[in-house]
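Scrolling down, you'll hit the structures one after another.
Below are two complexes that have chain A in common, paired first with chain B and then with chain C.
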Partner chain A sequence: MNELLALALAFPLVLGALVVVLTTSTRAALFGFFAFGLFLALAWVALEAVDVALTEAAIGGGATGLLLLRLNARLHRKVSLGEPAGPRLRILAGLLAALVALALGGLLLALPEPAPSLAAAVVEPLPALGIGNPVTAVLIAYRALDTLLEIAVLLIAVVGIRVLGADRGWGGRPVPWPTAGPSPALVFLARLLVPAGLVFAIYLFWVGADAPGGKFQASTLVAALWLLAIMAGLAPAPRTGGGWTGIALAIGPLAFIAAGAVGLAATGSFLAWPEPVAKPMIVAVELALAASVVVALVVLVAGPPEPEAGR
Partner chain B sequence: MIADLLTLALVLAGATFFLAGTVGLLRFGDPLSRLHALTKADSLGLGLIALGLMPQADSLWMALKLLLVWLLVVAGSTAAGQMLARFHLRREGAADE
Partner chain C sequence: MSATILGLTGALLVGIGLFGLIVHPTALRKLLAFNLVGAGVFLFFGVVARRAAAAGLPGDPVPQAIVITGIVVAFAATALAATLLARLSEPGEQP
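And now, the complex of A and B:
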């Protein structure tokens, strides 16, 4: 990569991180975090890791940032970020950080040329799955258990959000987003973006087999579109304990575990993909996972259920 | 050659609009003027940059995708500008009462 471009991307990254750490206002820290996420995604693109860049932009910067922004808005009162650290602690932390950076830089420079790699051995058996994008193939073949546990973590987070809701709100919907009527510009934007975004999400989901993309990025996009429709008053927020919300949340992990059991019966190891039906099985599991991720993200951002005004 | 010159001229013009919009954002006194400077200049600047990159695209589809990106960003930033202005006016109204 061009050194000048690398520097141009690294500088705003460091600046964004400094803003997040040094600012005393939670809102300023959040906007610093958004800018940091954006530049981190650009840096991944520059490193030719487009899959990682898409995930960073969608989940790391976008969804996490939105979650924090929503939290900040719902806290109602100003939250202090605590007493600033004293000079001695600052110097110590700075020294430790510099030490870690130096050690990492030294290790990077000490790498033999060319660096040892298992990439060739890893990629070699992948064509049997019928997936052209090695990142997707590694995630679903070698790291299937990690992918399964990732969705489990999302589910646990959803359970946590529901536990936070008041008893009276159980079975209800989260607080409506716009307290007043939504702005006509927002309604127009939602009407325009939701259909266009859905087409792009389906493309992103499908193209993940052969190019950067995949279910996580596509699901985040669908969740963002759904939230946009909720904010514009065009779609309802998911109801807690509602039948289909629960089904959508459970179907992903259940389908994944079922596929793992099929693998166990057919080949003798859990989450192994039996070769002739590997591709259709993977697509089915990914579709189920996508449904769960969409609902989980929407529930996470929308927040715990609240007692409804009319009930 | 002509395509490269066209790209150079259009992208430079686009960058100038971005610069002007940023200066406006930093220098103008009230929120509505700042918003005006930012959204208008950025929409036009991005349009010029997208237009300037079109001659460099490998295929007609790629060029059309650039156009689509510009249209989507314009829709998004225009709506965001409207919403920010509305929020500002509502808050001013609440402060006056």
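And now, the complex of A and C:
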């Protein structure tokens, strides 16, 4: 990566952020956020963190943007948490923001050289795990507890969203998107993209062991395709309280905890992978986790079940 | 040097997001600004990972994996906030 590329990415990122914050139109801010997310994913590629770039493109930009765009359409009125900021508050906020940005920038320039790194410690035990991609190895092996807790956070968010639904909506589906019929172009796009995207997701899942990719990236792709199919009216959103939705949500964390218990019995520490069967166990747990992540992401974007008049 | 440029961009994004978070009265815009702050922090962290390239890897994979976890958790929090907001905007509810 050279300086020119970094500058070419930094400029639209700062511009996009300024649009998101300074424009008066909420819709413009939302579309600015979409563009910002795509450039941010490119910045991650420039930093040679392709795994992060895939996640950022799918979740940070795509799913978050979609979620907020839909929220904007569903809001019955603007929810204001205070009075509009006066000139004095604006100046003070600007000063504080500048101070924080300067402090962070100064901190970056003052970091020690050479930087401390765990890269060597990550690479060394890779052959025993049968994994070639160091980021996947960190996620599923060295920091497996983080990944388990991340799934737990997703589940807690799903529970929170269900709790916020109306009582009468329980057992129903989230309000479908297209209040009018979906446009033929969208239906065509969904029919075209969903099969191709599913094949690519399976590829990402499998190749994640040795190259950028992995279960999170593959699951977010499947979730995005499902959402596309929902928007085009080709697939239903998951039903709350339906049997298989609950099973799919629970199977990932349960499989992870069971594997952790096996590790505890075989090697003496929770979530340690016993060496001869490490690879098949990891693949099995990742498959179960992928199912949970897909359903959780779709539920998070689709929102709580709501009784819809006339449906 | 080029990674430093993106790191400074991350610092700038945190500042811009913080400004929006304070100045905007509407909850949806605050949520957007908050996501900008998060994106800036992640980018900053990514540059720290890039600086720690060693052992033939282009960056330290540990911070990269933590950023992936962070992006998913930030999305879960945003989704929960969005649902709260949709509920708050219903007739008869007061923020």
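Keep this in mind: the second predicted complex is superposed on the first by the 268 of 311 C-alpha atoms of A that agree within 3 Å, B and C clash if a C-alpha of one lies under 4 Å from a C-alpha of the other, contacts with A are read in each partner's own complex, and residues count from 1 in each chain.
The criterion applied here is as follows: contacts are C-beta pairs under 8 Å (C-beta built on N, C-alpha and C of every residue); 3 or more make two chains touch, one makes a residue touch a chain.
The shown structure was predicted, so the numbers you read here are calculated from the model rather than taken from an experiment.
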item	value
Contacts of A:185 with chain B and chain C, given as first, second, both or neither	first
Chain B versus chain C as contact partner of A:258, first or second or both or neither	neither
Partner chain(s) touched by A:128 [first = chain B, second = chain C, both, neither]	neither
First, second, both or neither for A:193, with chain B first and chain C second	first
First, second, both or neither for A:7, with chain B first and chain C second	second
Which superposed partner A:287 touches (first chain B, second chain C, both, neither)	neither
Partner chain(s) touched by A:272 [first = chain B, second = chain C, both, neither]	neither
Chain B or chain C, by number of chain A residues touched	C
First (chain B), second (chain C), both or neither touched by A:48	second
Residues of chain A defined as touching chain C within the complex	1-3, 5-7, 9-10, 13-14, 17-18, 20-22, 26, 29-30, 33, 36-37, 40, 43-44, 46-49, 51-52, 55-56, 59-60, 63-64, 67-68, 71-72, 74-85, 89-90, 93-94, 96-98, 100-102, 104-105, 108-109, 111, 115-120, 122-123, 134-135, 137-139, 142-143, 146-147, 150, 153-154, 156-157, 160-161, 164, 216, 297, 300-301, 303-304
In the complex, chain C residues that touch chain A	1-20, 22-33, 35-36, 39-40, 42-44, 46-62, 64-69, 71-80, 82-91, 95
Touch list for chain B against partner chain A, complex	72, 75-76, 78-79, 82-83, 86, 90
Residue ranges of chain A touching chain B (in the complex, touch as defined)	180, 183-186, 188-189, 192-193, 196
